[in-house]
Each structure stands twice: as C-alpha cells, then as structure tokens.
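Okay, so chain A shows up in both of these, paired with chain B first and chain C after.
Entry: the complex of A and B
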C-alpha cells in the first residue's frame, strides 16, 4: 500500500509517536504515566541540548544550568510570590535565555574540549550559587511545595499538559533547525572556517543558537518543578548535564527525534531498573559504554543504512589522525 | 587576625593544595599525552582511599600499618587503572571528544557504585598511629603533624615527576608525545605501550593521593565528585599538560579555598569557578600551558 498523504509521508514517525503518546495514558498505570511525563520533559531538555551538540557540533557539559535556572525561576515565583504556574513559564524561559546569553558570550568563543570545560565550569558556578544561597534558594534543601494548579493536579492531566507544551516546543525547534538559520548552524558544524569566509558572523550565530537552546532547556526545567512538586540544586549539577549528552548519543544526534528516543530508552530503563536495584548508576554506566562502543550514531545510526555511517566514520578517523 | 592563625590556615591550604596537585597531576598528564579528560580520575582516587582503609584494618595491630597501607593502596589502584586502560580506554583514543567524555563519565558512575557495593555507605575512619596524633608547633602555631607528611608527599611526587620528565628516556618520550604523537610513533616508539603506562602512572599517583587522604579525615561516598571538579579547575588554571602549571594551580586553589572559607564561607567554590572561567576566557590554555595545536 502506498501512502498518499504527503504530510504523513514526510512526518510519519513523529505522527505515530504523537498518536501513541495520546493514547498511552488510557492503557498504562499511574506510575508509568509519571515515567512518561518525565520522558517528555527530559526529552525536551535533550532536544534543546542537541541544538548545540548535533547541529552546532559543540559539546556542552553544562546545559543543566539553564534547566535549573528555569526550574528555580518557576519554583521561586510559585512558592515565594504565589504566581500562577502558567505565568511563570514564559518568565522561566526568559531567565534561562538571559543566563545563556551572559554565559554563552564567553562559551562560544571556545571550541572542542575547552567549550565543554567552560560550559561545565559555568554550570558548576550556577550550581554552587544555588547551593550556597540558603536564604533565597533554600540551599541543598531545595524548594518544596511547588504545587501545580488544581486542574493539573492529576498525573494524567499533567501528562497531557506536558505533551502539548513539549510538542509545540519541539515543532518550534524543528522549524528553527529547518530554517536558513538551522542550515547555517550545520555549515558551522561541518566547517567553521569556510562558513566564516562566506561572510557569516559565526560568533553571533553560535551565540543565538546557544541562547535558543538555553531558553528551551529553561522551559523543560519549568515543567519539572510542578511535576516533581519540588526542585533541588542537583538539577544543575554536572552529573545532570551528562543526561542529555547520553540521551542524544543513545538516540542519535544526527536525527531530530534522536534525543527524544534516547530519553524514552534511558528514562524507561531508569524506572525499570530502579524497581529492583539501587545501583542505577552502575547499570547506566554499562549501558553508556555499550552504546558508545558498539552503536556509534545511536539508535537512528544503527537503523540507517550502514554505508552512510561507515563513510562518515572514515572521514572522522582521518581528521582525528591529523588533528590530535 | 593573628599571625599564628594565618600561618596554620596557610598550612592547611597548602595541604589541600598538595592533595589537589596529586589528583590533578595525573589528570593533566593523561590529558596532555592522550587528550583524554578522565572524569573517573577522582573516583579512582577514592578507591585508593578505601583500599588504604581496608589494608590498614587488616594490619591495624601493627604500628606501621598506615605507612605500609598507603603504598599498597597506590599499587592496587594503579593495577585497577592498568586494567581499565587495557580493557576500555585503549579503544577510545581515536574516538570523538563526546564519546571519550561519555566513556570516562560512565567509568566514574560504575566505579562509584562498585565502591558503594564493596564498602557500603558507612564512613570509614583510620585511627592514626601515635606519632601523628599530636599537633606539632611551628612558629607558635599548632599544625596537624600529618599535614606535614601530606605536603612532603606532594612535593616528593612533584620533584619525582619533574626528574622523570627531565632526565629519563621515558620522560623524554612522554614529553615528546605531548608535543606530537605522530612524530613519536614515526620514530618507531610503541605509542600504545607508552599510553598504557602513562595512564597507569596517573592512576598510581591518584591512588597514592587517596591513600594519603584516608588518614586526613573519614572516607565517605561522594568525596570524589567534589574533588574532581576542583581538579578540573586546577588543570584549567595551570594549563593542560603542564606540571608546573598544575602545581601552581593546585596551590592557588588550595589557598583560596582555605582563606575564602574564613572570609566568605559560602563563596569559596563560587570564587574558584569564577577564576577558572576568567582563565578559560582570557587564556584557554592556562597560566603555564602552551596553546593547543588545532
């Protein structure tokens, strides 16, 4: 049977995923509804991270900072100022975006390992500020009692709310990656020098991309607080910055939905494994090693024809041989 | 503030700085030679501390228990490092940056949990031998006598590493490998073997540091995560692959930590990260490093 509808032909995978996500709460228990809400939130976090990693070609090890800024903005406004949840969401995106703008100014000057370390250093800076500022952020106690409004109190309603927000945000991010801006980012990733030579202000483009990523990390963080009823400084730690990295690597950073697929696998496994052992870090470490050693390119990389990736691998190997 | 107080604070900063140096020197060496940023470095350091505790508790009836346990812990940790290099790290030198980071990150997670499985969540405390139980007085300031020992180990390792790099054949090879590994391998030197031993040496020093740490205070889970980030700051400040830079960076961070905790306790870590960030922005290759080949 041939598919006639051109929209469905192009977007069959996200359509199916969205349809499954819509029906899912009807067939699963409340515990798994919670898990899938978490999958959506962390998936958005990973998709936003992948703007920098997959599309700009730089590894940020500090995106949790913007996620945390978003989460704390929502938490503080709701707990200390009694703002309604919906009103705090845009503010969270703005504060996270501002944070990304200020810190990004410095980060995007650097490349490669230095980019990774500076983003991590700034992430830790944010973490320690939140951790130490007891009077304002509650320090390591975090903030409790971030209750969503009554109409979002149930697990199912919060799930659908998250699904709508994450879907809209993903469509916007997808539109950005398919715009001329998105293709400029790919050009910068593939050859920064050449992109500069054709008259593109690489610094400005990278900074804008960094800020966009920060804004959507902040949105994901804003969704987290009321979902978990609390926020803690751990949300900003470098360990938490590692999560979107391996979600993207696991799903496949060269496909838009890769990070979301990574989030599905990883969060699902997390919920499953923590059911019978407390040694989730051990299990996740083994999973990461297996994925990196045997599945470079992630799930989408394995699904795609092997020829494409082995060619790309060969190119990478030669550049590595010369560069290091 | 009185002089004696400032002096004792200075010594404790120096001790902490030396501990950081022992951790960061291996980190910097491994990065300089193999371009691998080892997230698991401090976790191996913690393994050294726990191993030292175990060796000590097996021999605690003897007075020399601690002094035998520290080198034993260093050797055992070095062996763990050698195994991880041969089994895993060996295969990722040619991989991309994010893959290398993820592998060492995963190693940190795995080793962290193995520590938890082996030694459990209880804090471990070594009872010090009588010789280092009492403080000694220097310029009228009471100084923990064990601190002197840690500082001496730090300087001994610094001098030892310097002599190794300066005077021995293998030291020259390592230095050349930092500069250009293609050239070194073109000269017929077996690079994989050099890599294995550089990694093992880095982890050996980390194990030695862990052993020394175990008698400073109690050994607890999660110590590794606190020190690894500071060790990163040290190598960034000093410059990757530079021994001198790592030493200076360690002392800067140790002393800042020691004095900031008096003046502005909440800000010590924030200050260190701010300095690290400034260095990265102004001089990404650090105070003593050389700009990386592109």
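Entry: the complex of A and C
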C-alpha cells in the first residue's frame, strides 16, 4: 500500500508510537502505567543526552547532574516554597541550563575520553554537594512529599501529562537536530577540525549544545520528582548518568528515536526482570555486551543496515551501519 | 603596504621542538593571481599553509592578509576573514551526503548556523546545487561522503572551500588521487574561478604539468627555506631550484 500523506510518510514511526502511547493506559494495569511513565521521563533524558552523544559525537558521563538539578529545583520549590508544580518546570529547566553552562565551559574544551571523564567528575561534584548539604537538600534522606497537584495525582493523569510534555520537548529537540545548528553538530561530530576551517567557532557551538542538552535533562528531572513523590541524591550519581548512555547505545544513537526505544527496552526489562531476580544489573550487563558485539548502532542501526526503511539508505549505511 | 598584496608573510618560521621546519619565509602574493609553492616532500609546503590558516601556531614572524596582521588568529576567524583551504588528504564529513557537506559550508558562510528551528533542508538550496554542479558532483549529491572515491572526495573538498566564498583559496595538492582527466577538469575550474570572480589561488602540487600549466608565479621551498621565486620560466632556469629537484627535469 502506497502512503499518500507526506507527513505520515515521513513521520510514520513517531505517529504510530504516539498513537500506541495514547491508548496504552486503557489496556494495561496501574503498575505498567507507572512503568511507561518512567519510560517516557527517562526517554526524554536519553534523547537530551543524545544531543551530545549521537549528534555532537562526545560521550557525556555526567548528564545526571542536570537531571538531578532539575529534579531538586522542582522538589525544593514545591516542598520548601510551596510553588505549584507547573511553575517549577521552567525554573528547573533554567537552573539545569545554568548548571550546564557553568560546567560545560570547561567540559567542551576537551574531547573524547577526557570529555567523558570531566563530565563525570562534575557530575559527581554535583552529587556530593547535594549529598552533603543536609540543611538545604536533605542530604542522603532526599526530599519527600513532592506531591503533584490533585488533577495529576492519579497514575493515568500523570502519564498523559508526561506524554504531552515529553512529546512537545521531543518535537522541539527534533527541530533543533534538523536545523542548521543541528547539522553543525553533525559536522562537528564528523570532523571537528574541518568545521573550524569553514568558519565555525566550534567551542561556542559545543557549549550551546551542551546547555540545550542540560535544559532538557533538567525538564526530565522536573517530571521525575512529583512522579516519584520524592527525590534522592542518587539521581545525580554517575550510575544514573550511565542510564541514558545505555539507552542510547541499545536503541541506536544515530536515530532520533533510538534513545526512546532504548528507554523502552531498559525500563521495561528492569521492571520485568526485577520481578524474577535481584540480579538485574547482571542481565543488563549481558544485554549491553550482546548489543555492542553484535549490533553496533543499536536496534535502529540493525534495522537501517538491513534496509527496512529504504533501499538507498541501506547502501549508504553499509559503510558503518549508521544514519543521521 | 601595497593594496594589491593580498597575502604577505614576514620571516615566518615554525619549529616543532628542536626541528626547524620553516625558516624566515618572506612571501608576497598579489591579488588575483594563481601561484604555486613547490618543493620536495617535507619541504614545508603544508606547514606554510598550516601557519597561514591557523592550524599551527606560528613560532616566529608574522602573517598579513590584505594588510591586516592575522598571526595566530583562531582558525574560524581566519576562515571568516576570507582565507579558506582545501586539504591535501581530503577532509570532509564522511557521514553526511555530498549535498549536506556543501550545504554545511554554505550555511556557515551565510552565518545561518545559529538558526535552531528552520529545517536545514529548506535553506541554501540554490547555492549548494550550484556548487555541486560546477564541481561535477551533482550525480553524487545523495551519496555519503565517506564512500565517495578519492577523486570525488577531493572535488568535494574543493566545493567545501569554495562555499566559504573566500578571497584567498589555499589548495594543498588539489589533484592528488585524481585521474589525469579529473586533474585537468579541476584545474580548469580553478582557473575559471580565478578569471571570472578574481579569486586568488595559492596551491602546492607535485604534478609538473599542473604547476607549469596553471601557475603564474612559482616559489620553491627547500628544507623550510624559500630558495627561488619568479615566473615559471624564471624558476625553470634557476640553478637552486634545479638543485632541489635533483634528477627531475623542470
């Protein structure tokens, strides 16, 4: 069957995913609604992280810092200042963006492994500040009682709210990746040096991208607190920074929706496997080994290489199994 | 300073640790010329380009572009002021298509890379297609640059440099890896650009026929020192230049 509608032809996959996401709460239990809310929040986190990894070609191992800053901003404003949830969301994005601006100034001077280590070091710095600052952040007790407003109290309503926010945020991020700025990121990823010689201030562009990523990590964090009714310093830890890495690698960092698919796999398995065994990290470890060894480029990499999307792309992708 | 001089270096030197690779090069290039720098491998030709374009920091001496000192400027600033280069080993964006490669450079030139919300595919179409056309890459526009042939990559390299609309174009062995036919086509294109839009071109090359066929001015570098300079005919007669190309008839 030939698809006529040009919009649907181009965006059939996200359209289908969105439709599925819309009807999902009608057919699943409350436990799984919680799981899918988590999938969406972590999926946004991973998509924001992938601006740095998949598009800019640098591995950040400290994005949880900005996620955590977002979560704590919302938590603190709601618990200590009684702000309404909706009003805290833009503030969380701003504080996370500011955090990314300050720490990013140093990180984007470096490349490769040094970039990864410095982002991780700064991530841990944020973690320890939150962990130690009892009077303000509650230290390792975290913050409790971050209750969403009554109209968002139910699992289903919070799920739909999250779905709307994550969808809007994803559309904005997607537009950015398709803009001249987005292509400049791909250019920096492919050949940083060359990009300087066509007259682009690479440092400045990388910093802007780092901040954009931080802002959306902060948004994901802001959604987390009221969902979980609490926040804890673990949200900023380097283990938590590893989750979007895992998701992007598994789903495919070279496709916009790859990290979201990775989040589906990761979170779903997490919820599913922990029902049987406490050795979930072992299972996730095995999965990551299989992905890295046998399907570089993740789920989307395999699909693209086999040419399920289009013949021409398959030829183009034979070189390295990736798109963008 | 003479307004006609687009590029000038004063005692330009470069050393890597204790190795002196370029020594006191005084060079002048007139606007609108096609000039070549020749010399055996390791003579310092690429280093000379690297110093002008900010790829390496200068150890000694100064670089002037249109009378303005640009010594040790940042790379993107040098590109913005009007000097672009094409690299010896093609240096393109392997995972972008030929079209996207060129569009990227066009967008940078148009200062539109800080546009966040307009889809890039709607922008700079005309300019990009035009560059694809004149470099003969139009049939390959949707091919990823990483799987282009060596010769096509060099053409793309040239297109990227041209997209920046430079005043001075530095070409580092522009025809390396090309067939003789492609070499001819490329150099004819360079010559046409020179004649039609007055683009000043400085290139390095090993191919003697290219050097003598296209350059109006030749400079010979040998072990980092500028040993001879002049019209192709003058250099051909020059004893020192001959000595550098020992055994090779020039």
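In this text, the second predicted complex is superposed on the first by the 305 of 324 C-alpha atoms of A that agree within 3 Å, B and C clash if a C-alpha of one lies under 4 Å from a C-alpha of the other, contacts with A are read in each partner's own complex, and residues count from 1 in each chain.
One rule holds in what follows: a contact is a pair of C-beta atoms (placed from the backbone, for glycine too) under 8 Å apart; a residue touches a chain by one contact, two chains touch by 3 or more.
All values reported here derive from a predicted model rather than from experimental measurement.
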Of the two partners chain B and chain C, more of chain A gets touched by chain B
Using the superposition on chain A described above, determine whether A:249 touches chain B (first), chain C (second), both, or neither. first
In the overlay, answer first, second, both or neither for which of chain B and chain C A:109 touches. first
Partner chain in contact with A:15 - chain B first, chain C second, else both or neither: neither
Between chain B (first) and chain C (second), which, if any, makes contact with A:141: first, second, both or neither? neither
Which of chain B and chain C A:198 touches, first, second, both or neither: second
For A:29, is the partner it touches chain B (first), chain C (second), both, or none of the two (neither)? neither
Touched partner set for A:59, first chain B, second chain C, both or neither: first
Interface residues of chain A shared by chain B and chain C, listed 316, 320, 324
In the complex, the residues of chain C that touch chain A are 53, 55, 74-76, 79-80, 84-85, 87, 91-97, 100, 103-105, 107-109, 112-121, 123, 142-144, 146-147, 160, 163-164
Enumerate the contact residues on chain A facing chain C in the complex. 175-176, 178-184, 186-187, 189-191, 193-202, 205, 208, 312, 316, 318-320, 322, 324
Listed in rising order, the residues of chain B that touch chain A in the complex are 35, 37, 88, 91-92, 94-99, 101-103, 105-110, 112-114, 116-117, 181-182, 225, 229, 232-233, 236, 266-267, 269-270, 273-274, 276-277, 280-281, 284, 294
Residue numbers of chain A touching chain B in their complex, please. 53, 59, 61, 106, 109-110, 112-114, 116-118, 120-122, 124-125, 128-129, 132-134, 238-239, 242, 245-246, 249, 279, 281-282, 284-286, 288-289, 292-293, 296, 316-317, 320-321, 323-324
